[in-house]
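As structure tokens, the structure follows; a few thoughts come after it.
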Amino acid sequence: MLDKTGIARRIAQELQDGYFVNLGIGIPTLVANYIPEGIDVEFQSENGVLGMGPFPFEGEEDADVINAGKQTITTLAGASFFDSATSFSMIRGKHVDLTILGAMEVAANGDIANWKIPGKMVKGMGGAMDLVASAENIIVAMMHTNKRGESKLLKQCSLPLTGVGCVKKIVTNLAVLEVVDKGFKLLERAPGVSVEDIQNATEGNLIIEGDVPEMTL
Amino acid sequence: MINRTVANVQEALQGVQDGMILMLGGFGLCGIPENAIAELVKLGIKEVTCISNNAGVDDFGLGLLLQQKQIKKMISSYVGENDEFERQMLSGELEVELTPQGTLAEKCRAAQAGFPAFYTPAGYGTEVAEGKETREFNGKMYVLEEAFKADFSFVKAWKGDTAGNLIFKGTARNFNPCMCGAASITVAEVEELVPAGELDPNQIHIPGIFVQRIFQGNNYEKRIEQRTVRTRE
Amino acid sequence: MLDKTGIARRIAQELQDGYFVNLGIGIPTLVANYIPEGIDVEFQSENGVLGMGPFPFEGEEDADVINAGKQTITTLAGASFFDSATSFSMIRGKHVDLTILGAMEVAANGDIANWKIPGKMVKGMGGAMDLVASAENIIVAMMHTNKRGESKLLKQCSLPLTGVGCVKKIVTNLAVLEVVDKGFKLLERAPGVSVEDIQNATEGNLIIEGDVPEMTL
Amino acid sequence: MINRTVANVQEALQGVQDGMILMLGGFGLCGIPENAIAELVKLGIKEVTCISNNAGVDDFGLGLLLQQKQIKKMISSYVGENDEFERQMLSGELEVELTPQGTLAEKCRAAQAGFPAFYTPAGYGTEVAEGKETREFNGKMYVLEEAFKADFSFVKAWKGDTAGNLIFKGTARNFNPCMCGAASITVAEVEELVPAGELDPNQIHIPGIFVQRIFQGNNYEKRIEQRTVRTRE
């Protein structure tokens, strides 16, 4: 089973040379720490920066330089700042190659819900609706089950949707899955996790073809 | 050169009234018009609709207006860091129109640029699209979103000149440029106001034509919401 | 009767303090030379400059700084450069207060034609269609008649339109006219020009109310 | 940093084929991609559709491609200064789609920004609107215009860096920024190419994400169409 860092490390393997990547808040943010050697990627944050670097050294924080999670950041050589409309031109116009974000629920048809629990919790969608409606390549990073142990990979989302039919790949603490026509296709198992464990934690249709390899990190 | 300067925040906010629709720049607490917000609190303007990506935090930014119950309606994309906002929203005291962030930015830009409406894929198939026209272009579905209509737009820039030209800094730029010229009156507060001619005409982010009033702001706190650092090795 | 300079001088009287003005090619360009004293106006050119100044001194021309007529220009303190989309945001968004442009024909209902003579001449509309469709305040600067002596103030335009019902005011070599519900209302006569002269040169309905004053320049 | 540099104009134009739709920046002869145009002439690419505000003059800019009969169709707003253009158009040799200038700019920007279509007042009631959907918003009529689809976009900037970031100069900016990222491949030629990190991230006009290939141009003529001067008194 993976922890959050493990999920981030596994997702980092999906990065390809030349990718512009938007990272959501939470686990996705950690992906930046595990870029494979020998490839160049650039991170975009929808509040208006391209070419994000690591967090600043203590004492060098600049209130005017933050990411979409409101964290103080630095920029790398070749970075640029821009306004919100331009930022979403990058996203909507498919110039961002990969979007990695968290979710409360994902359905077997690729639907995603991550912004609202009616009557209980409303964080707002932020840029997530624009991101999922636009990106060709979306990876969801999340725990396989919620705090009550219920599956977050469902036949159908029960919460208000963020986007329809958009999720392509999911990396959880238990598995890597691809959204295909008829459900979640199991691609890889997390270390020490059996196909049965994954089956038990997955409410939506799980497609198992042949031997499912254990992932390598 | 048409002089856009006003003496101070009081003059800059002349004409703001109860019930108006106000746009406010900023992302979280980054790049917010601190002086204008403080003055709105002081004036006790009531029943306003605020178009702003966030609503500040409990004790700063638009959170100050929420605490004073000055806001009737918020149009925002994210409210995650503001407990009072969430409480007023869930209790029904506060009307809230949650809007995808890119749509929010473009609804401002459409108002600035004279476009009445635009088609965006964001929100298709979700409750954001309920009651809105949807339409297919090239095999993909889009939602028709209309331009905002606002009375005042309050933005914060890094530098500005007496002609109203603005330059923003870092990610404090965010929604500020999109909101310039998107309301009947745009009020810009700047950290440094210089005479026209001192800024490179090639490097102006927002030309003065989009700004009606500009003033030298002061006492900027520029609070950091998530101070994240790494340690030197 | 006015010459082109006279038309420009008369139109300059329409400028008001604080106006952002777009000047078309030809006579309108001359208006910049006659700004009334004591008022501040700024000139916008749709190719991407606000705050245009006079032509450069010889030897100081910059190929990268031109107006929409492709003439070398200078800029004044407070000027800015921007891209074409932003330029038309200013125009479409009604941030430009006054548009002054030439025309081949104007109709009594405010229609204007100035970009094409089918089969003969096609210059293109440039920014004129955006300008006339957007501006609240449009003044046409033109000769009252064409080279063949035919009226350019018509019941109906015969040439392909640039915009419908948009012209508010017309300044010609003979007169100043306002477009009102039922036709061209004669506001002023050019020096030495009689109401009859204007009537004879005007095909569209001319509305004459009381004594029509001679303009002062 | 993702390196966007290519060695030269030959490499920059790899993949350009007969029949393609090309966008070219510039207003008149100001800010045109001179190196790319020269190479298109040299390559003898035929039957292309060119989206460009103007078509150069008889012996420079896109006029060079017109002289060689390489262009099947022009999409422009103004052709006033080019006799060969007017001749080919009136004789029917050249297909021409005249488009209002602001609409032309926004059709590029829509392609860049992922908007399939937009409503503009420009051209309503004229032959430009023939066959297009029209619609009323708030008592005013608008025409629905669709985003461009193009294969290559050729732009010219003043400075650029190896990450593809661009800065334009004066009114040579014009359509160039709008065309970046508006085609499948955007090729930028610059007067001065510098290493990433040398340009101020706050002053980038076009971030490198909108540019696929960048190269150091050379031999810029930068012709002036209307040399207008005043005499010293």
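As written, the chains take the letters A, B, C and D, and residue 1 is the first residue of each chain.
The working rule: contacts are C-beta pairs under 8 Å (C-beta built on N, C-alpha and C of every residue); 3 or more make two chains touch, one makes a residue touch a chain.
Source: prediction; values computed, not measured.
Common partners of subunit B and subunit D, by the touch rule above, are A, C. Taking the mean of the C-alpha atoms as each chain's centre, subunit B and subunit C sit 36 Å apart. Centroid to centroid, with C-alpha atoms defining each point, subunit C and subunit D lie 28 Å apart. Mean C-alpha position of subunit A lies 55 Å from that of subunit C. Residues of subunit C in contact with at least two other chains: 49, 81-82, 85, 88, 91-92, 134.
Touching of two or more other chains is recorded for residues 109, 114-115, 120-121, 168-170, 202 of subunit B. Every pair of chains in contact is given here: A-B, A-D, B-C, B-D, C-D.
Across the interface of their complex, subunit D is touched by residues 18, 20, 40-42, 44, 49-51, 75-82, 85-86, 88-96, 134 of subunit A.
Taken in their complex, subunit B has these residues touching subunit D: 114-121, 137-138, 140, 142, 146, 167-170, 202-203. Within the complex formed with subunit C, the subunit D residues making contact are 27-31, 53, 76-81, 86, 89-90, 96, 98, 100-106, 108-109, 120-128, 158, 168-178, 205, 222-232. Taken together, the subunit A residues at the contact with subunit B in this complex read 45-49, 54-73, 81-85, 87-88, 91-92, 111, 115-116, 119-130, 133-134, 160-165. Put simply, subunit B touches subunit C in their complex at residues 1-3, 109, 111-115, 161-163, 165, 181, 195-197, 201-202, 204, 207-210.
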